[in-house]
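Once you've had a glance at the structure underneath, I'll fire off some questions.
Chain nomenclature is as follows: A, B, C and D, assigned in order of appearance, with residue numbering initiated at 1 for each chain independently.
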Amino acid sequence: MKRIGVLTSGGDAPGMNAAIRSVTRTAIYNGLDVIGFRRGFEGLLEGDVIPLTASSVGGIIHRGGTILRTARSERFVKPEGVREGLLRLREYDIDALVIIGGDGSFRGAYDLHKLGYPVIGIPGTIDNDMAGTDCTVGFDTACNTALQCIEKLRDTASSHERLFLVEVMGRHAGFLALEAAVAAGAEYVLVPEKKFEIDDLCKKLHYAHQRGKSHSLIIVAEGVMSASDLSSQLKDTGGYDARIIVLGHIQRGGSPSSFDAVLASRLGGGAVEALLRGEAGVMVGRISGKIVTHPIQYAWEEKKDLDEDMMSLVDILGI
Amino acid sequence: MKRIGVLTSGGDAPGMNAAIRSVTRTAIYNGLDVIGFRRGFEGLLEGDVIPLTASSVGGIIHRGGTILRTARSERFVKPEGVREGLLRLREYDIDALVIIGGDGSFRGAYDLHKLGYPVIGIPGTIDNDMAGTDCTVGFDTACNTALQCIEKLRDTASSHERLFLVEVMGRHAGFLALEAAVAAGAEYVLVPEKKFEIDDLCKKLHYAHQRGKSHSLIIVAEGVMSASDLSSQLKDTGGYDARIIVLGHIQRGGSPSSFDAVLASRLGGGAVEALLRGEAGVMVGRISGKIVTHPIQYAWEEKKDLDEDMMSLVDILGI
Amino acid sequence: MKRIGVLTSGGDAPGMNAAIRSVTRTAIYNGLDVIGFRRGFEGLLEGDVIPLTASSVGGIIHRGGTILRTARSERFVKPEGVREGLLRLREYDIDALVIIGGDGSFRGAYDLHKLGYPVIGIPGTIDNDMAGTDCTVGFDTACNTALQCIEKLRDTASSHERLFLVEVMGRHAGFLALEAAVAAGAEYVLVPEKKFEIDDLCKKLHYAHQRGKSHSLIIVAEGVMSASDLSSQLKDTGGYDARIIVLGHIQRGGSPSSFDAVLASRLGGGAVEALLRGEAGVMVGRISGKIVTHPIQYAWEEKKDLDEDMMSLVDILGI
Amino acid sequence: MKRIGVLTSGGDAPGMNAAIRSVTRTAIYNGLDVIGFRRGFEGLLEGDVIPLTASSVGGIIHRGGTILRTARSERFVKPEGVREGLLRLREYDIDALVIIGGDGSFRGAYDLHKLGYPVIGIPGTIDNDMAGTDCTVGFDTACNTALQCIEKLRDTASSHERLFLVEVMGRHAGFLALEAAVAAGAEYVLVPEKKFEIDDLCKKLHYAHQRGKSHSLIIVAEGVMSASDLSSQLKDTGGYDARIIVLGHIQRGGSPSSFDAVLASRLGGGAVEALLRGEAGVMVGRISGKIVTHPIQYAWEEKKDLDEDMMSLVDILGI
């Protein structure tokens, strides 16, 4: 192996730059050349390349977003697109490709792998909904960002004795919602993984009010329903007047936390080392502090479950 | 003068607790007793009081919100309410009242003043729309909060080459929108003080795109229109697909910045000193670093204008 | 079991309040009373108690430090002290004691346990040097604090082309130094676990300079040597002029990160649940996301090693 | 005027990059070319130049430090150095030079001015010790950084009932120390402008202890004495055991606050506009929100005094 490529794909996540830096420097340390593709698989198809050097990835470890930019590629979803991508990779004499992204991006990588091309995936998404790793790159930072925003709302909620409703990201997974709820001491959390009844929530709110709670915070993952829909239901069913906040893209940005900078650095290094060992068609992950690999499709084929004890904890600590 | 009262009213703002602390300790330092009313004028009417001591205001200087809570009072808007408030103040042997809040709260204070009761106002609002002071308590913190959120969006905007639209607070005033726009290096800002044409904005966006700008940020004060309405207009008129973020109540919360903690401390001290000098029916403010007083109605009768040079600067620096 | 006690002991760590809140609310949820002892074992001996209720632990989840205060007790190190502590616990009808602290505090807990009294330990220290848990409460926050400080130095280091030397906490363990070094992209890290030669460091610096590095960051754990001693050695041996920063107690403070708030909440809940199950003389920990218990002496008898791959990563990524 | 130069000199300060960006874009907006000199006057002498364009200053507004780097130049202090600098400026066809820095840097600028060369100064230093502007670029950010660090110490101080001693920057001026002391609610502040007696401080500490204060914070500007010397004196004279923290270079770094980003943007724009109006040998400043100019030597010839009321406030609020 002489030259590897790297790209970021799908939604951006804090720590992607730290991963790019680590892939690049570990590769160079081991005598490899590194080429970056801009805008994900789209840039691969268009040949939008940039050589990466030890110094060109200097000073990026703490920048949010991704210096390689990212995009979703319509073309790469189709077999012709994948075959064209393969041609480009050969054209640039690239011996293996590192894909940093979520499960959608890993599926693209898997398609390349099935054509016999060596790929390796680094799980990067704030959703944490990928098996094969305790945490995905970006999840911890997003939790901290959500926590810091919610803390600011607490100030106002307790000053005004109000009900606040915070919508966080998570179309199919409630990891971020649940972690933020426990971290922020929220009274209720709604996640896509668990059936939700507006009557139950209203009963709980009613009971809390009777116990003397002057203000409450509800965290809702976007996959359950929008904060504004939930607000309407709370009004209609229980007569509650909630203030709503949609955290939105703020959750994707910011400098990576120490946890994510370290995780991204380790996975970046681990990915290159796995390639050097001859592994391909795999993803790297960190489980109990150890860097491990799994077949890349493991990320979406294996189900990663929400911790039931964490769900109960919200109820217990919300008393 | 032996005993003074203090209350926070209207929307909460970072630094209100620092002001409460400074009013309390300066009063005690000068031999006065201090009584806090909870939930603004509503608490005054209901006799919801709490004695404030040097130690009970310890450790609050950096907490967001207000330990006295705040509310808007329907009753206090009417003459009967004001007269009842006056009775309560006399009942508690309170010789003067310090009101921390925005211009709505100052109007309530003015009504008390017109009945001959000694009041003094401390301008506290994130909107900065009060004359008689260079800055209101809370404005600087809200600017920093908005800036930090917008910076996180920048990461994603530049990673995805997108147009972002950020709605900040400001129903009648664009101070926060303008300051945040210059601080964040936004390309466009829409403020209530200036007529806005969707065609102009689309032309500017078009021209920027031609010059090679890959992403842009627009800051809009809520008083101009909602981000979602603006987004629709951008779509309809120019075909632009903007991501929207509504910062909302996040802007009101958080620990006060150094600037606000100092400003609140100085205005709190200045308010008590003004009362001790025999001033009443006034507001305290800081102009060019000096603590000054103006008649309380000055806050809304005098117009505080947006800086025209700041408006131009957004255009110049957005090239 | 009807009533439990809780105390924080040793150096304070971010998340201790979140643990106190979780212990208290989980206990109350399960029908137990909770008594807090102030100032660690010293407060136990002096009977410095405070009843803890669901509302008295409200709003503390994000405060740094510990509302129960903490101290090191000279008296409790001796057998008479431990026996006196036992008498106090019985006097207050306390059926079990939760100790939040580092290994020194766990040794005190162990002494009580050996007298047959039910204790349970929650590992809380920024040093992370306790076995039986992947992370101790406070470690992640301290890493983030160190990272944020070091990032600010980077700005100045790269502006002035300088060598910076940052001393972080860690008398006997280099976890914090190593994590901060990887997270901050430091070029060198010195930890107590690994022998250090000034000549090696100077050679590396010399070589980096030759490769064109304009500035470098060295992280040193206080247990290796003080930053000022290291600075002298760098001057004497290699002629290097380093700027030094000692992070000191800043590392202990601040609101807990999302990670620590969640970890503390889970361990607090887990400790009470373990007591209710009849476990005693144990510590709770989180390993791979699961709450587990080990005999309390495990914390110091079992050696927790630095990750060798992390050490190598500093060298690789510092190129 | 066709082409201007810009450099940063002396100690770096947050907001310098925002000033560079604003100078550059305002100049380009007005049809001028812009050349940056790296490493201050040293880079001017060595011809270390870089052309600045609208896009090369994109994305730098929030970076700490200075992309132009900075240095102190031994050579430029001497008349020969200044004359050589002048030759370089003419060689590069540069019609005017913008200097961003403190009063030392302004003296260099003044020397060029006396040779008839058009210069303009933008006050950038965290010390705020320059007349002609209410605030220098970087001061507000440094205050916020100091405040955030001190807040973390408060957590530990109140948990352990300790005396903390914080040394902040300020060799000749106490602006930063005083602002941080008021903002953080410190009990005592020592500034170079005011004579200090260890006996007085010990008496105050003794009295505070008697009143029941369990912990205290003292802020000392480095120009008074080092924290470690003060700690020794407190030990010797009063028997006090203080924990010390030296904030050091952390205070210079970090992203500029909203206040500094705006101030730097306005001064950068104002500097170019002043040059276009034909002004030279001046500095720009902001006084009461307006951009003004003064002769450049005004910065050090006019004395900027500490606010006496602020000094008293520390005593009053520290009760």
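Simple rule for what comes next: a residue touches a chain if its C-beta (ideal position, glycine included) is under 8 Å from a C-beta of that chain, and two chains touch if they have at least 3 such contacts.
The shown structure was predicted, so the numbers you read here are calculated from the model rather than taken from an experiment.
Peer 1: Any chance you could name the chains that touch chain A and chain B both?
Peer 2: none
Peer 1: Regarding the chain C and chain D pair, does the interface count as same (over half of residue numbers shared) or different (under half shared)?
Peer 2: same
Peer 1: Whole-Å distance, chain A centre to chain D centre, using C-alpha means?
Peer 2: Chain centres of chain A and chain D, defined by C-alpha means, are spaced 39 Å apart.
Peer 1: For chain C versus chain D, what separation do you get between their C-alpha means, in angstrom?
Peer 2: Measuring from centre to centre gives 35 Å for this pair.
Peer 1: Centroid from C-alpha atoms only, then distance chain A to chain C, rounded to Å. What do you get?
Peer 2: Chain A and chain C have C-alpha centres separated by 28 Å.
Peer 1: Among the residues of chain B, pick out those that touch two or more other chains and give their numbers.
Peer 2: Residues 151, 158.
Peer 1: Report the topology of the inter-chain touch graph, choosing from line, ring, star, complete and other.
Peer 2: ring
Peer 1: Every pair of chains that touch: which are they?
Peer 2: Every pair of chains meeting the touch criterion: A-B, A-C, B-D, C-D.
Peer 1: Once bound in the complex, which stretches of chain B touch chain D?
Peer 2: Interface residues on chain B, with respect to chain D: 21-22, 25-26, 28-29, 54-55, 59, 61-62, 134, 140, 143-144, 146-147, 151, 158, 179-180, 182-185, 212, 255, 257-259, 261-262, 265-266, 269, 287-289, 291, 307, 309-310, 313, 316-317, 319.
Peer 1: Please output the residues of chain B touching chain A within their complex, sorted ascending.
Peer 2: Contacts found on chain B: 8, 12, 14, 39, 63-66, 69-71, 145, 149, 151-156, 158-161, 164, 243-246, 248-254.
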